[in-house]
Amino acid sequence: MTAPEPGYSADEMMTVAAARELRGTRVCFVGIGLPSLAANLARQLHQPDLVLIYESGTIGAKPSRPPLSVGDGELAETADLVVSMPEIFAYWLQGGRIQVGFLGGAQIDRFGNLNTTVIGPYERPQVRLPGAGGAPEIAWCAQRVVVIMRHRRRAFVERLGFLTTPGLCPGDPERGGALGKGPTAVITDLGVLRPDPATQELVLSELHPGVDPDRVRAETGWHLREAADLGRTAPPTAQELDVLRRLSSE
Amino acid sequence: MSRLLSLREAIAELVHDGDTIALEGFTHLIPFAAAHEIIRQGRRHLTLARLTPDLIYDQMIGMGCADRLIFSWGGNPGVGSLHRFRDAVENGWPGPLQLEEYSHGSLTHRYVAAASGLPLAIMRGFGGDLFGHTRMARVTCPFTGEELLAVPALHPDVAIVHAQQADRAGNVMMWGIVGVQKEAVLAARRSLVTVEEVVDSFAPHTGGVVLPQWVVTAVAVVPDGAHPSFAQDYSQRDNAFYRRWDAISRERDRFLDWMRQHVLETPDHRSYLRRLREEPPADQLKAGS
Amino acid sequence: MSRLLSLREAIAELVHDGDTIALEGFTHLIPFAAAHEIIRQGRRHLTLARLTPDLIYDQMIGMGCADRLIFSWGGNPGVGSLHRFRDAVENGWPGPLQLEEYSHGSLTHRYVAAASGLPLAIMRGFGGDLFGHTRMARVTCPFTGEELLAVPALHPDVAIVHAQQADRAGNVMMWGIVGVQKEAVLAARRSLVTVEEVVDSFAPHTGGVVLPQWVVTAVAVVPDGAHPSFAQDYSQRDNAFYRRWDAISRERDRFLDWMRQHVLETPDHRSYLRRLREEPPADQLKAGS
Amino acid sequence: MTAPEPGYSADEMMTVAAARELRGTRVCFVGIGLPSLAANLARQLHQPDLVLIYESGTIGAKPSRPPLSVGDGELAETADLVVSMPEIFAYWLQGGRIQVGFLGGAQIDRFGNLNTTVIGPYERPQVRLPGAGGAPEIAWCAQRVVVIMRHRRRAFVERLGFLTTPGLCPGDPERGGALGKGPTAVITDLGVLRPDPATQELVLSELHPGVDPDRVRAETGWHLREAADLGRTAPPTAQELDVLRRLSSE
């Protein structure tokens, strides 16, 4: 882990930025791992009534620490209700009740499409990744998507090895029938990418403190453009770091 | 009318070589004991259906039980890869493994279609590159003209799930995260439920699932039968074991050794648990790092 | 975030002339108090959706609230006809009533489609002569070639249901026979839940339905708000009233008299219940024979 | 009510005959009214493990007396489980788990089709009946159907006013895609009709004690044929009557 500024890590900056991205969100469908940590941070920091929904069927879970898996006991025990998986996908996600779908991924392209399936040929892959999970439905049905991923050249690619989960749809205002807008932010450990309103291409919209834009471009496999109003992320506050560290200590 | 059998009898009677079987349980209530018994009894050429192969199918794949996998997410939750699954897909060890791959939503809908007696289910969704590697089609809504995704019903030969309780009439109850277990049982031709215990009557549980005795083929009492998964109000998820599995399963030899010592050389789940718990914590700590 | 309102405020705010409204509750938990308040506030030109019109829509139809009825079974359960419903259909009194008619299965599926964000639901079924009097279509399964029945999603403007309890955060819980109430609420643009009482926390109930506060628009506390229907663990079904209704509703004048005395001239549900209970048992006995 | 024999009524004979028809049945989807009374009689007489399913969602209800409505509290309180209506129709009925669907009706024709919708033109009916309820699905999805109706000429008609619920399908062994066989018995207060295996037409198969076949023909609106092996129903036993009368007393 690199420490772009004294006092916090790049991963901590990423998680704090992702938590901030959830400001104003009421209902968030949370993938496991980084999304879960950031969503729980948001709930504890500034969104006490943020409703967290996990694909295991727990609605309104209030875990004291981010779970290792989406099925950890504390999620069910602290939830407002627990429903079956058919119900979580049909009534809650497809029903259009989710404002933010919060995803990670192994590979992302300039339009926010994600690959979590394979690197290399499908039939004989170099790397077999876990697969889709609920991400295609989350990306399709949530009103918007926030992606959180570490910024590495092997992950931010010109061309995906496999199209698992849909991103933005340049040239198709209907987005092929999807319910929501697709990814509105990709939060990384270096900065934040957002779609250019005109082209739908992800552009560098914010740089985290101390990060050189050349470094971001070097870690991005496509020619990364910058937003006209490229900004700087505010560094984590003491309170943000304090809550995050309490959450992630185990 | 469900019958109370030993796990050994139940697997011998219900699971045959070449069957399509679904051992369901989403992180919670995963029927590990039943999987171990299938491994002990040496079943071969199975098609394994399950949303999340998890450690349970990693073990079955590594032990050569499976020809084919129907799934939607194959990882060790919160830890990383399933090494036996990857070794089978990437290197064909111990044999080739055919994949039929879905998303959670679409595979869930396959069980729902089958439980509902329908040939298909429809959903909003994105096929993406999966579309070519799975059984999906498109259906046009006759009312709105919208294009929707369709998936076919999945009827396993056998569904196996773990639940907290059976009553003396053979009804079954589970609660907490219940995943797609009800749908898997109702979709299957035969079903086995392993339970923590038999009780006189069920306490109420909001969100709990009751399977009446006449839709269950057999019940087997297997306390802690979900380990390293868990049964809410009976056990905790053994997160340390999930982490240890990464090291145990990474290399073929160590995996085979571990499976032989813990599964093949134990006669039943009680012995498996005893052997696990006799291991020095130091070893667990080292392996779990 | 659900808001706690009086029933009068909630109806005034949520239900508008011309709306499509669904007051659901299958025999159990029928939101009669809310219907009476809609009658008191004189709503007109409503489309009433409900599996079983029951006495609740018989009253609303007879009082001239409805232009249109979407339904699947219009009788007085175990007693006989709904006379106001029949008078409207057979004689156009107090005004013409358009019908859009389904079976229980197909109308249930319309709510499910809407709750699921789908434009349609598919089912095995028989259209019969209903096919021409309703919104049904056929869809061919792309996997098997089978022909299935399709019905379009039904999105009411407002869903109104009665439940046993709300908690202080505005979450709602109902148990016992829960019918299609969850689906109706999730299908609707706005929703009102009348409840028996507000509690600190919910006890567990197998098969119970929890509606989180963020899918409910308003909650109103209306004890015995389902009378003559019932709320399990709070009240008994008033079977005698269902039988009495046959005589009360048979003739237009007596019906109008009864509605005026019991609904229009009472300010709220508490007064309605008090007036009902003050009536001499002899009268009830005679009317109920 | 007529009393064809001393000691019991025609309705009692009908209900007892219907209860006997459920012998060997495990799972029965029960309509309200006469079907509910007969199914509860069967459960108390000879089928203690008969699973009664009502369309209200109660599975395995064990009411001490037949309910006035399908939603009576006792059904839910005595059931093995209570499910939502979407579930009862999708997983339990359409899922093919019901052996016998037990129905009544206002009109029936020679192929067991039922009308419970209207008498007269649909738009301006002479008599508006309640409508379909769950009968079309029950008839379509149960493995077989038993109908119980009083035998009257206005009910047993040459031509239905409206086809609400499907019966037998002469000439279509696939039954248009239905899951079950359709009506295998129509139990009346005069006798029992069953489909002729060759023509699928309902024929008089049993006469209740003391009933003249001419009377049955007179009460049937189509030319009612007789089965080659036309039989006589055994009269109700003392035990059958005793249990039935306890059940129907209120």
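By written order: A, B, C and D. Residues from 1 in each chain.
Here is the rule we use: contacts are C-beta pairs under 8 Å (C-beta built on N, C-alpha and C of every residue); 3 or more make two chains touch, one makes a residue touch a chain.
This is a predicted model, so every value here is computed, not measured.
Inter-chain spacing, taken between the CA centroids of chain A and chain D, is 57 Å.
Averaged C-alpha coordinates give centres for chain B and chain C that are 41 Å from one another.
Annotation for chain C: residues 112, 117-118, 123-124, 146, 182-183, 206-207, 210 touch two or more other chains.
Counting partner chains per residue, chain D shows two or more touched chains at residues 81, 90, 94, 141, 179.
Shown here, the protein chains touch in an arrangement that is not a line, ring, star or fully connected set.
Chain pairs that touch one another: A-B, A-C, B-C, B-D, C-D.
The part of chain C that touches chain B in the complex is made up of residues 117-120, 122-124, 135, 137-139, 141-144, 146, 148, 150, 152, 173, 202-208, 210.
By the touch criterion stated above, chain C contacts chain A in their complex at residues 1, 112, 115-118, 171, 182-183, 186, 210, 212, 214-215.
For chain D in complex with chain B, the residues that touch the partner chain are 26-27, 49, 51, 59-60, 80-81, 90-91, 94-97, 141, 179. For chain A in complex with chain B, the residues that touch the partner chain are 32-33, 55-58, 67-73, 75-77, 81-86, 89-90, 93-94, 117, 122, 124-128, 130-137, 139-141, 162-166, 176-179. Considering their complex, residues 26-28, 51-52, 71-75, 77-79, 81-82, 85-86, 89-90, 101-106, 108-109, 111-112, 123-126, 128-130, 133, 146-147, 176-180, 182-183, 206-207, 209, 229-230, 232, 236-237, 239, 242 of chain C touch chain D.
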